[in-house]
């Protein structure tokens, strides 16, 4: 029903292209892991290797302590929920969900009863006789989930499962996925490029880029204290300030800053500030005064462009609480809590 | 893993591959060899002799047949495109979507009947006492019945009838794939209806036209029945000459050489239209 | 402008149906010459056709050849399509080209090639020979239609079946074939109509037992006759029925 996974120094090449570099990852039994990254980062390749659809060029995959590197998909304790759901179009929902059980030789009556229980569980009670084309996108997604869970896999692999759904439905399905995972206790590995989705459901997020793991950790940690500049950018909007090593810390366009972490290397550095970390006030590290440019209301906050007056060229993006009522042209004193900042070695960042 | 996958793949492909090699490629190779053989009396002499090909250009009934075949095929292809395009257009853009499939299906229904029956039907229509002569005479257009059967006109009519349906199908398939926004964008940018057609729609439907034209060429130039039933024996096409060689004379080498020439013409047509066909994408 | 277009549509339909209509109409004429003026109607000619042993035998032969060759072409075409779409084969582009190649060659040439081979090997001509020829011309078609229906989405569905524990044989029988049934049936019926109507290969490769188009051909030597109209009408209506059934039950259903 559930199993831990160990991925050890995994590499994969597509002809001349190295899709995965030296991936090491430990996943605990019953964890909800989200592989997050832009398209082409290798997250889907990694999922296919876990599912057994691709044999890696190097390295090993252990599931539940057993080596699964070259084992065929059917012989693994994993099932995959495909991006396009891959429901069998010529079968009823009942037969779709019961298919895996049929392959395991379960008798018709028993497997149908089990399929119907699962359909009920995902909220499709009474639709067992329908065919996939009669369903909406969200319903198909539920059937695919029921079909994958019917064989009681140790590990469920989900390939962009919510990608085809509209935003509102996606939020609902995130909650359902999470609660089903809690109920079954199965290890879930879920691939997405949507960082909000990742934060909403993951126990741990694995941020990937160009075939490498950039960061692994719980959503709050990865968001607030990303391990790399890439992870910082990918997890959400950031303001990046250039910095160099000075006498007693960092020199930035806003003056001296005592580094919040130990610095690695000689610089130059990039200091990242999340928009919601910028406050109007003077406590902490003062950023001087700024004029409000464009400002848009988002319900929970105003998203403002702030033109810093002292340091001329810099424009910051800030999320200010509604009670600040930032009017375009108004002048604000800005500050941040230096403990919340992240500092990285500077590099070219392609957003 | 990769090796066993490939091996199993071969297992699936082998039966079809065997069939194609045994019953298509090998006979074709033997036919090429046959075209280089000669007939002395009733005896077949295998060899590498181009005599059969020299005869094709030396003897006027042979070279004449090639010219007749080409003339008929090109005429038919051209007329069929000109007649089929407006028909496909009207079905694609004028007929309400509800009825489109039905109208198209009806427009090409006679396509599905055999060459023999279709050609025979035209013989009924075009014969001396047939419907057309009957109608024209009772309308007073002509006093004497026109000789239409056993002429090139009849052959071309029979062919055009068939290929208008084929081309309507391929051009229609192409037209309905086009987003209506192409035309909207063109007219939005100031093109007149004709300009939108000339500069946007026509180039976009060219692949459909070319696929149809190529099929027309292949099927038309290789057809024996239509010219045989409708054209009579006044002028022979290449397939007719081939059949004469097979039947009366038993001259298989000459028939084989003529077939190779026929294939050569099809290959030329393919090369001329290859840009649009993309058979390799099948 | 709009009127002109409807007028053109009408004229085109008149042109397309003129020969077929006169074929069917004069098959009911009470008189042996199927030309105007029309007299009748009578079913006499249909009675004669049904009573004609040779025609009925030819009809049976045609059905046998059509069903047998289409079935063979579909099975071979399906296997080849599955092999090429789902397995990594070296030179698969060439293989596909080779399998498609007979489609671009005139039936006459396919028939002639087989005739030469059978003559040289001393194999007698028969319905079997014609059937072999019909598989040659229909195999590329069946292959192409079925191959085109094996897209990435279908591949994913097969993967899902494999992931749930199905072996290759079960994937094919439980998932691939039923899933692709519309395409496979379409290929089968298309091959059926083409084989059913095919003349030149059957003409070259059969001797004593012939197919219907060849039998009709020999009827034509005696000139126009209302009886030929009757058998021609049966052939036309047979093909039309297959096409209409295909549309109603296979293609018509695909619309959501």
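Should a chain be cited, it is by its letter among A, B and C, assigned in written order, with residues numbered from 1 in that chain.
In this section, a contact is a pair of C-beta atoms (placed from the backbone, for glycine too) under 8 Å apart; a residue touches a chain by one contact, two chains touch by 3 or more.
These figures come from a predicted structure and were not determined experimentally.
> If each hop has to land on a touching chain, what is the smallest number of hops from subunit B to subunit C?
Each step joins two touching chains, and the minimum needed here is 1.
> As a test of understanding: of all chains, whose mean C-alpha position lies farthest from that of subunit B?
A
> Of all the chains shown, whose C-alpha centre falls nearest the centre of every protein C-alpha atom combined?
C
> Roughly how far is subunit B from subunit C, centre to centre by C-alpha average, rounded to an integer in Å?
Whole-Å distance between the two chain centres: 17.
> When the centre of a chain is set as the mean of its C-alpha atoms, what distance in Å lies between subunit A and subunit C?
54
> Quick one: in the complex, what on subunit A touches subunit C?
Going by the criterion above, the answer is residues 51-53, 72-74, 78-80, 82-84, 86-91, 99-100, 103-104, 133, 147, 151.
> Would you mind writing out the residues of subunit C in touch with subunit B in their complex?
Touching subunit B: residues 2, 5-6, 8-9, 12-13, 15-20, 22-23, 26, 33-36, 75-77, 79-80, 82-84, 86-90, 93, 95-102, 104-110, 112-117, 119-120, 132-133, 135-136, 139, 143-144, 147-148, 168, 193, 196-200, 204, 213, 216-217, 220, 224, 228-229, 232, 235-236, 239-240, 242-244, 247, 252 of subunit C.
> Touching residues of subunit B toward subunit C in the complex: what are they?
Contacts found on subunit B: 2, 5-6, 8-13, 15-17, 19-20, 23-28, 30-31, 34, 83, 86-87, 90-91, 94-95, 101, 105-107, 109-110, 112-118, 120-125, 127, 129-131, 134, 161, 164-165, 218-219, 221-225, 229, 239, 242, 246, 252, 255-256, 259, 262-263, 266, 270, 279-280, 282.
> Given the complex with subunit A, which residues does subunit C contribute to the contact?
My answer: residues 153, 156-157, 159-167, 170, 174-175, 178-179, 181, 256.
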